[in-house]
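One chain, chain A, links the two complexes that follow: it is found with chain B in the first and with chain C in the second.
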Partner chain A sequence: MDTKMLAYIAKRLLFSVFTLFLIVTITFFLMHAIPSSPFIGGKALTPTVMKQLEMKFGLDKPLGEQYIIYLKNTARLDFGMSTFHKGRKVIDLITITFKVSAKIGLIAAAIALASGILLGSLAALKKDTIVDRLIIVLTTALVSLPNFLVAIMMLWVFSVMLHWLPPRAGAPGGLVMPIVSLALYPAAYVTRLMRSSVLDVLTQDYIRTASAKGLSTSKVLLKHAVKNAIIPIITYAGPMIAYITTGSFVVEQIFSIGGLGNFFVRAIQNSDYTMIMGSTIYLSIVMLSMTLLCDILYKVVDKRIDFS
Partner chain B sequence: MDSILLKVENLQTSFLVKSGEVKAANEISFTLKKGEALGIVGESGSGKSVTAYSILQILQNPGKIVGGSIALNGQELVNSGESVMSRIRGNKISMIFQDPMTSLNPVFTVGNQLTEAIMLHTKRRKAQARERSVELLRLVGINEPKRRVKQYPHELSGGMRQRAMIAMAIACEPDILIADEPTTALDVTVQAQILELMKSLQEQLGMAIIMITHDLGVIAGMCERVIVMYAGRIVESGTVDEIFYAPAHEYTKGLLKSIPSISDERQRLIPIAGSPVDMLSLPKGCAFAPRCDCAMKICLASQPAQSRISETHSASCWMNEKGRLENA
Partner chain C sequence: MENSNNTQKATLHTDLSMFELATDEEKAQSVLLRESTTFFKDGMRRFIGNKVSITALIVFAAIALIAIIVPVFYPYDYETTSASAKSISSIYTKPMEYSKREQEAINAGIKVFPHIFGTDELGRDYAARVIYGTRISLMVGAVAAFIVVVIGIIYGSISGYLGGRADLFMMRIVDVVYSLPDMLVIILLSVSLKDIILNGKLAGTWVTKFGPGLVSIFIVFGLLYWVGMARLVRGQVLALKEREFVLAARAFGAKPMWIIRKHMIPNSLSVIFISAALQVPSAIFTESFLSFLGLGVAIPMPSLGSLASSSLGQIAARPYMIVIPATAIFGIILTLNLVGNGLRDAFDPTQREGGR
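And then the complex of A and B:
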């Protein structure tokens, strides 16, 4: 199994690199297709100054040559200098802001997964009782509400009305609301996913076999049901973690957090070309790695999946 | 040999669904002696599996035992509580199921699922339980047992999985093995091997077998006594010879006529006309009456009483009471 597994991982890694190459290429040519320039906006520049700037950044070279230089630099994760934040490297900006987003995001993802798996299993076990109904109503509401609405409502209730939590992330306890507002949607989604997954697993023949063996109900659930029921959650968790750790613009904006989500959208507003391209590629790397990780985990849990 | 191992009396298992109560097992009474092989035969939905699940109390919601008694060696099992039942399941009474493809957990190795059963009911430690697993796999005729314990169910063929299921079921040398259509999902050649295996294990371990099937051929080859079920009730019971050569219920006769025979030349099979009854609205009289060629007025009006044909043979059919009714 191990050599097969390694071959599979190698193959998937190769595919991921190829996908990344496509993204890098598309990003490059798309940015060139935009009828604007990194030097437009801010102060009006004379054509001579514009020319000089283009020469300084190598933008006067033929497109093919520019593309090769860009590829070489990207391979070293060198996205150049920010065109908006003067004197700062794009990769440094990304690393700093990603750390902020990832910290909040990872906590939120962990909360979402833990509570979702627990509540989902509970709802499945208490199917058709008041507990189950309550969980269904609550999660349906939460997956339907956009998170900016949830964030603003929380801000209004807990900061403005009750004065329990500070409205800004910088203050002590300030991360509670951003984390909760990030976690609510995936928590509700995982709950629903887990509920239907557990319900499905409980009707399987091997569950009957396990109880016929004499295992207690709790042992049947914890050992035989959970490991099977968790498989669909893994599929969802990968992209969810990638999405949540790279920062939500809305939540970061509302709670004044200097995270990657916030910076990425601001970069677009500021026509910070290098920052836009760098962030896009960085986000793609995070997304691709999470997907890869989940696919591997998926096969570790479920041995039926073929490696070919 | 004559000591009674399992005694089921007036067992009543119902499924309480929105549209009413389905009496899936209705007034079921039978006994099982030590080391005996008893067949339960009937078509789909006749209540044979429900009877088996009731014995182990592994009924799925909304199934529930609503009455009667099940006694193992004199110990009452109905309402005995989960802790008593979990010591009985897999230990005193174990069970194998119809579909070996889905009856083993796909995410655990065969060895893991075997040792789990062993460690649950014996004092064996993990290493000893592992050894015992290998031994059991060898006993049920699986080649390379040492390699197989490390494999996952999907790496085994259907026949091998059923053998692994049997290994799991006999791990604690149970008094009773309930086999719920153990060969239905298997190839014909594999079917014979599995039955052969069960027979030899029965002799070696001295356990009793309850063989649930719709295949009369399996019954003929395996069992000493037969119970015929229809619409949740036992309609006839007797020794294999009595049931096969002197059936006393019109349904049993119909079943026997619908088996292809190798000796009869080019004879048409005679299927039982009509379809099984709606379990939610059982007729007032005999449930088989609407499909029965010999149905009389009384059959539609009231439930037939059980008539004793011999010491071992009884049937619930008004036809057996015809003489008595006419004389009355």
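And then the complex of A and C:
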């Protein structure tokens, strides 16, 4: 690996760390701008109890000091205790639920990438035929469909009407619908991306060279066209995998999956502010590192790009 | 005559007397083979030739017209219940049926407008709620796109025109905003803004009336979503800066703001317009998502997302209550995407997907 590459990686790493610091800071000040106290709700508290609670959580200290403490704790991934799930540490809740989300998400992401690359190549190679048209129509419709609508529609058709699949994720076969509703949008997106990428590659000189030197059509397509066309997909794959594995907030809620997305939404509804802060930062770390990883991978794979 | 000829040669003025009118025969030779066309006319011709986009535009216009006009004369609004005040339990009415109180009125000989889609659990006319919800969703899309366009144009054109260090610095800010995970920041901002608006200093002002959810969506779009547009406009301005007509304007001593207003922005309008057209469905997408999480518009105001989410429990008993708002969301986003794609293909063929 040359120095230019290392410099690029260092620069990107620094940038990601700065972005993360920004998110941490925004999270802190936004949560402190909220006028309502985290202890309101449930029972009415007397002023003395309130004071004691504030002292326990360090909320009586000046804002600057609180911020420093918060930064130190965040660096150790210590997000404090959940204000709603009494006696539970936020980071414990996150790691438990993240495993659930990641399992479903990785399957969905793999399906989305595989089917997208396959269908996209197919559409490009059969350009302007009925197959291509059909794929275009289908993907155009799918990228206009929010995943919660896909989830609801599937729930209605396959659970309520046909009784083929259970409405909750816990039952056998219950993960089929959540995975499909998570995978459909990225699959459609990857298909479109792949199609234009393959079409782009097919106009390149090296394809003509490969054909000219007598390579069979299938070899040209597989070894040169599709392989090179996948490269642009890498940059999209990073954020996509991160987004799906961290759990789509709504899909998890609809199918009662105990994943991070579902917990995050419930934290919002319960005004569980420590959980909201912790989840936001944790999810940001996952997303930023996935993006970083794929960006670096992209540069490693595609030698043409310069690093300036 | 000789005298005047000499002076004219010296001043390089054209002597009109040396020209003669073209005869009809000569005029006939220079018949226009094709009418001269402008960039806009050419693009519109291509857009109108695109059957899919035109159909989508017509469908979208129909949806928008219904959402705007129907509430004017529709007998129900989105918050008045048609049931008697006494009933406590949920009081759904099936499509085209009447509540108890209305049935009594009909028996007494009073004409009652039917509930086309029935009523919700509080006896509110569902058709009215869907139509108002569509109105809200469309408004969110339009306002969000407007905010994005305004901030993006101002920021992008200044950055691109200034160039150098100022440009570098301004684009670094764009990079940072761009790398923020948007969904998380949106949720975080909505949560805190909602609380600030409801419980803080802004409580009780016009903001509360308008709905904290809507206001926070607009703020979020103004804070986050302008970066794409700013990058686009900057790229355009950077390219235009090298063009001869800008050099000419500068040579004549035109001020930077004048050049930006008169040359840069008009010349990048088509690109801006296409991007804005695709911004609207993205805003509607986000709004429906936030409303689904309960972070969108304020109760009792409906939006398509909140209607779909509040009807989730009724999926087995009254599936139409979900299918109707879902179809509306899908219809709006799909038609707008198709129109946007059509505009892009017509005005900016270089960006066409797999075109060439």
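Simple rule for what comes next: the second predicted complex is superposed on the first by the 300 of 308 C-alpha atoms of A that agree within 3 Å, B and C clash if a C-alpha of one lies under 4 Å from a C-alpha of the other, contacts with A are read in each partner's own complex, and residues count from 1 in each chain.
What we mean here is this: a contact is a pair of C-beta atoms (placed from the backbone, for glycine too) under 8 Å apart; a residue touches a chain by one contact, two chains touch by 3 or more.
Everything quoted here is computed from the prediction, not taken from an experiment.
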{"item": "Simultaneous placement of chain C and chain B on chain A, clash or fit", "value": "fit"}
{"item": "Contacts of A:16 with chain B and chain C, given as first, second, both or neither", "value": "second"}
{"item": "Dominant contact partner of chain A by residue count, chain C or chain B", "value": "C"}
{"item": "Cα-centre angle that chain B and chain C span when viewed from chain A, reported as a multiple of 10 degrees", "value": "80"}
{"item": "Which superposed partner A:215 touches (first chain B, second chain C, both, neither)", "value": "first"}
{"item": "Touched partner set for A:55, first chain B, second chain C, both or neither", "value": "neither"}
{"item": "First, second, both or neither for A:68, with chain B first and chain C second", "value": "neither"}
{"item": "Touching partner for A:228 - first (chain B), second (chain C), both, neither", "value": "first"}
{"item": "Chain B versus chain C as contact partner of A:5, first or second or both or neither", "value": "neither"}
{"item": "Touched partner set for A:206, first chain B, second chain C, both or neither", "value": "first"}
{"item": "Minimum C-alpha spacing, chains overlaid - chain B and chain C, in Å", "value": "13"}
{"item": "Intersection of chain A interface sets (partners chain B, chain C)", "value": "203"}
{"item": "Residue numbers on chain A that touch chain B, as the complex places them", "value": "203-206, 208-217, 223-224, 227-228, 301-304"}
{"item": "Parts of chain B lying in touch with chain A, wherever the complex brings them together", "value": "56, 58, 60, 82, 86-91, 94-95, 97, 99, 102-108, 116-117, 120-121, 152, 154, 165, 168"}
{"item": "Complex contact set, residues of chain C against chain A", "value": "175-176, 179-181, 183-185, 187-189, 191-192, 195-196, 199-200, 281, 285, 288-289, 292-295, 308-309, 312, 315-316, 319, 322-323, 326, 329-330, 333-334, 337-338, 341, 353-354, 356"}
{"item": "Interfacial residue positions of chain A with respect to chain C in the complex", "value": "15-16, 18-19, 22-23, 26-27, 30-31, 33-36, 124, 127, 140-141, 143-146, 148-149, 152-153, 155-156, 160, 192, 195-196, 199-200, 203, 243, 249-250, 254, 264-265, 268-269, 271, 276, 280, 283-284, 287-288, 291"}
